[in-house]
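Next come two complexes, and both contain chain A; in the first it sits with chain B, in the second with chain C.
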Partner chain A sequence: MHPIPGVEGFMYPNEVELQWSILIVLYPYITGLVAGAFILASLERVFRVSAVKPTYRLALLTALAFLLVAPLPLQLHLGHPERSLEMYLTPHRSSAMAMFGFVYLWYLMVVLLAEIWLDYRADIVHKARTTSGPIGWVYKILTLGSMNVSPAARSIDDRVGYIITIIGIPSAFLLHGYVGFIFGSVKANAWWSTPLMPIVFLFSAMVSGIAAVMLLYHASCLLLKRALDMRCLDTIAKYLFYVFVIDFSLEMLDLVHRIYEADESFRSLDFMVHTRLYTSQVILQILLGTCLPLALLGAAQVLRLAESTRRKLYAVSGVLTLIGIFAMRWNVVIGGQLFSKSYLGYTTYKLQFAAREGLLSSLALMLLPLGILWVLVKLLPPFEEPQAL
Partner chain B sequence: MSSNWKEAAHLIRPAVVFLIGLGLFAVARKAVIPPSFGQYGHYRAGALDDIRRKPVHFAGQETCVMCHTEQQTARNAGPHRSISCEACHGPAASHADEPGKLKPAKPEIAALCTRCHEASAAKPAWFKQVSSVTHNAGTSCEVCHQPHSPKL
Partner chain C sequence: MATSRRDVLWEAGKFLILGSAAVSSSPSAAPAPTPAAAPALPAYNPQAHLWGMTIDIEKCIGCGNCVRACEKENDVPEGFFRTWVEHYEIDGADQEHPHVTSPGGGKNGFPPSSDAKAKQFFVPKLCNHCMDSPCVQVCPVGATFDSPDGVVLVDESYCLGCRYCIQACPYGCRYINPAKETVDKCSLCYHRITQGLTTACCEACPTQARQLADLKNPKDPVHEFLRKNKVQVLKPHMATRAKVFYRELDGAVR
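Coming up: the complex of A and B.
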């Protein structure tokens, strides 16, 4: 018997090569950022947390920029991306992925675009009146032909926007809960198959989305040389800490449950976590990506720190959190394919560099939403005071 | 009340855009879904005809044994009785059509036997398996075992 490079022990032939690459890691990561950013925006709108108001519009635009990119990793992964549209044309009710396509469209069309349009309408009308040239035409199209921004019309927009946000919160939960469900419902895979998966994905989505908007707000204030609203940043960090505690508790609950239950898969998975996944799971996800940012954010809650120290601390925690959540997605998607269903062997994932599913295309996919966000911020400035009623 | 409606009139516009989008989707859907989709199940019924039109490669067990009765008798006496002829000899529809003209190639024994009988931890213990390196070390399996009835 000839040993296969990268394979240890016994693997079934179809397990040797990983079918789901880094692109499938990006998919839940990007979708999570969308759901998290939207939930942060809803804090201000629905739960009346006025301190986070400076990030309200930025959070909505971030959610939109990432949502537009969310299906692209999947498209790039497919050999025939054009066939993916068939799931809209002839959806099968038993396919979680097909149903997810409709959740995605609902979220994009009914929630996010409608909410952004209603919130920005006065600004769009104002810019349509004052801007000339092609950009002026873009604004004119965005008005959809209605220039009515009277106080009564704006008040109606506000009420409708509020209702849409209320619909949007369960939709955001559904959007990311579904991504978790897609993994959690694979009963043949012991690493994935747990009913906790949707809720763990959901809370980690909220953590990553809040951290991303916090960092983007921080970065855009530095880039645009605007004063940073420290009360806003403190409040976001506080919510990030709370949500992170829930997320960490859920993940630990899953872990403790697995250890105590110790079913037939446990020895194999435990070996994997201590060997092939050690760096990405123990070091990156748990220690650097969860415990350290939690300790830093917790310290900011209990210690009286100077403003500049808090700012740096939040920035470091935000970056670590995003790395940690990415590592979590990596460990779920890649980790779930590294062990054999016979629990007798392990394979290796070789990340390619300049390939369709390689590192370069993944970096491009991660930078693309930032590019879209830059265009959106130019088109619909989030930091200017909304046009008065 | 009527002034309220007037002030809310702009909300009709995104709704109209949405409905136009929905209408275009419905039209596109109608245009691209094949008419026979869903006739028998969640697939295009015409696909069955497409598959039927493909050339037949396998002759089938009954066709082979119409001529090769000797091999059939030998095989039926041993543990290979459930394996069809073409599993080892390859698709033979063209041979069945013109028996004199096209003859299937004789299978390469070393590769053929180890395909199933090479020892592997994944196979159930009752299944006959050997290590071709230690069991017969370069000697052809055929020397001891006749493939149609491999019992010694």
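Coming up: the complex of A and C.
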């Protein structure tokens, strides 16, 4: 009897191959960045945290760039992507996944595009009037025929934008909490099935989105040779620290609960965390991706550090945080498929390189939002003073 | 053979049309059958059946006939299984760690056991055709559906290949057909049972360990089987209302 390569113990025969690949790791990662970036933007708009104002527009554009890419890993993963429209046309109402399309469209069309358009409208009209050539036409199209930028019209824009942001906050919560629900509601999978999953996903989304915008703000100031607003950076880092503490507490609560309750799945999952998931879970997610950035961000809150030190410290924390949250998504999606539902064995995930669901396409999908963001930043500069009312 | 939702509806439609024709036409008005017409099959009424299966653990000898018959009947691709057989070995009181094997899904039987003292038995597995199927619940487009006669089927012309149902099935019964890129699973040989035949696996079983069961047919032996034996379904805590009933199922089986 020959053992199956990569399999230890007993797997049900159909379980040996993993069903959800790195592309499905990207899906919650990208939507998390969207939700987190939007929530950071709403800090300024709704909660009047004026210190983060320099990142308001950048955060919105970041959210849009990543949101446009969010469905692509799913499409690439489907056996029949040409049938995906059926999810809109004939959705199965009891399916958590079927609602994704509607949540996505709501968030894209009603929240994000509307808010960005209203915020930039005066700038777009100004550029449509002053820019010639094809770019001028792009701006003319972007005005959607509305050239009225009178103070009264701008005041309406502002009020509607404010309402949309208020609607946007629960929508962002819905978008990512819902992604967590897709996993958390699978009762057959002990690694996923917990009511904490949507909450953990939500807070980790905020952590990753805030860290991403913090890094992008940092990077764009360096690239555009603009002065970095340290008060802004300090405030973002402070919020990142607070949200991260909540996120970490929730994850630890989940962990402690599992260890203490030690149900039928515990031995199997515990073994997995100590073996196949050790590097990605213990080392990358918990130690390097959570404890270290938390310690660094905490140090910045407590100690009186020089500006240049804080700047470097924030950059390192941001990168580590993004790695940690990616590892968290990896551990949820891939980890949830490495053990048998019989709790008697384990399989291995073989990440391919140049395949449809391989490393190369994943890297391309992660770089694509940055390319889109670059175009958006060129088209709708986030750091210029908005046209006055 | 794949069964689509259209096929099921067609069968149901045929029943309605034939049934109403039988009711509305008096014997005198009925046209005489033409000599060229094929003999009409008795109409299949999905509403009159509720399909499941009984499995007698003590009768299963692990020969793998069922796996081979299923593979042949349903064009099951190599390396995937609509049905398979597991061999359990339990040493003493260690119920938590049974030694389970299923080489090639048990298709070619099992090698002799090295531990003569251990408790040993075979467990044939297949889709449990649950009444509250998690797979049906999660399918985003309804490509996986419950037929009116209690069989969980897949419409392969509609399946997106998202694999959510595979994640949702607690029993590991589903796989992606690599050629079609759609999900596949045991259809309880729907193309056979709607023609009055039994499933390929039941037909091939030399000890009658597996029996197709019609829970709505009062004359079906399933009722006596359920009444007279200690039966259990797999993973009852999943509350899926599975319809594959095992006689003498050991508590170590998962």
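Here is the rule we go by: the second predicted complex is superposed on the first by the 389 of 389 C-alpha atoms of A that agree within 3 Å, B and C clash if a C-alpha of one lies under 4 Å from a C-alpha of the other, contacts with A are read in each partner's own complex, and residues count from 1 in each chain.
Following the convention adopted for this analysis, contacts are C-beta pairs under 8 Å (C-beta built on N, C-alpha and C of every residue); 3 or more make two chains touch, one makes a residue touch a chain.
Worth saying up front: this structure is predicted, and the values here are computed from it rather than measured.
Student: Consider chain A as the common anchor and indicate whether chain B and chain C clash or fit when overlaid.
Tutor: They clash.
Student: Contacts for A:His80 in the overlay, against chain B (first) and chain C (second): which applies, first, second, both or neither?
Tutor: In the superposition, A:His80 contacts chain C only.
Student: So in the superposed three-chain picture, is A:Trp106 touching just chain B, just chain C, both, or none of them (first/second/both/neither)?
Tutor: neither
Student: Is A:Lys187 contacted by the first partner chain B, the second partner chain C, both or neither?
Tutor: The answer is second: A:Lys187 touches chain C but not chain B.
Student: With both complexes overlaid on chain A, does A:Phe271 touch chain B (first), chain C (second), both or neither?
Tutor: Touch partners of A:Phe271: none, neither chain B nor chain C.
Student: In the overlay, work out which of chain B or chain C sits against more residues of chain A.
Tutor: Of chain B and chain C, the partner in contact with more residues of chain A is C.
Student: Touching A:Phe383, do we find chain B (first), chain C (second), both, or neither?
Tutor: neither
Student: Would you sort A:Asn148 into first (chain B), second (chain C), both or neither based on which partner it touches?
Tutor: first
Student: Once chain A of both complexes is superposed, is A:Leu344 in touch with chain B (first), chain C (second), both, or neither?
Tutor: It touches chain B and chain C both.
Student: Have a look at where A:Phe10 lands relative to chain B and chain C in the superposition and call it first, second, both or neither.
Tutor: So A:Phe10 meets both chain B and chain C here.
Student: Between chain B and chain C, whom does A:His92 touch in the aligned arrangement: first, second, both, or neither?
Tutor: Both partners, chain B and chain C.
Student: What part of chain A is shared between its chain B contacts and its chain C contacts?
Tutor: 1, 10, 12, 90, 92, 342, 344
Student: Show me the residue ranges of chain B that touch chain A in the complex, using the header's touch definition.
Tutor: 3-4, 7-11, 13-14, 17-18, 21, 25, 28-29, 32-33, 37-38, 42, 120-122
Student: Residues of chain A touching chain C in their complex?
Tutor: 1-2, 10-15, 17, 19-20, 74, 77-81, 83-84, 86-87, 90-92, 94-98, 100, 182, 186-189, 267, 336-337, 340-344
Student: For chain C, which residues are in contact with chain A within the complex?
Tutor: 80-81, 84, 86, 96-103, 105, 111, 125, 134, 136-142, 158-164, 166-176, 180-182, 238, 254
Student: Chain B touches which residues of chain A in the complex?
Tutor: My answer: residues 1, 10, 12, 88-90, 92, 109-110, 114, 117, 121, 144-146, 148, 150, 152-153, 156, 160, 342, 344.
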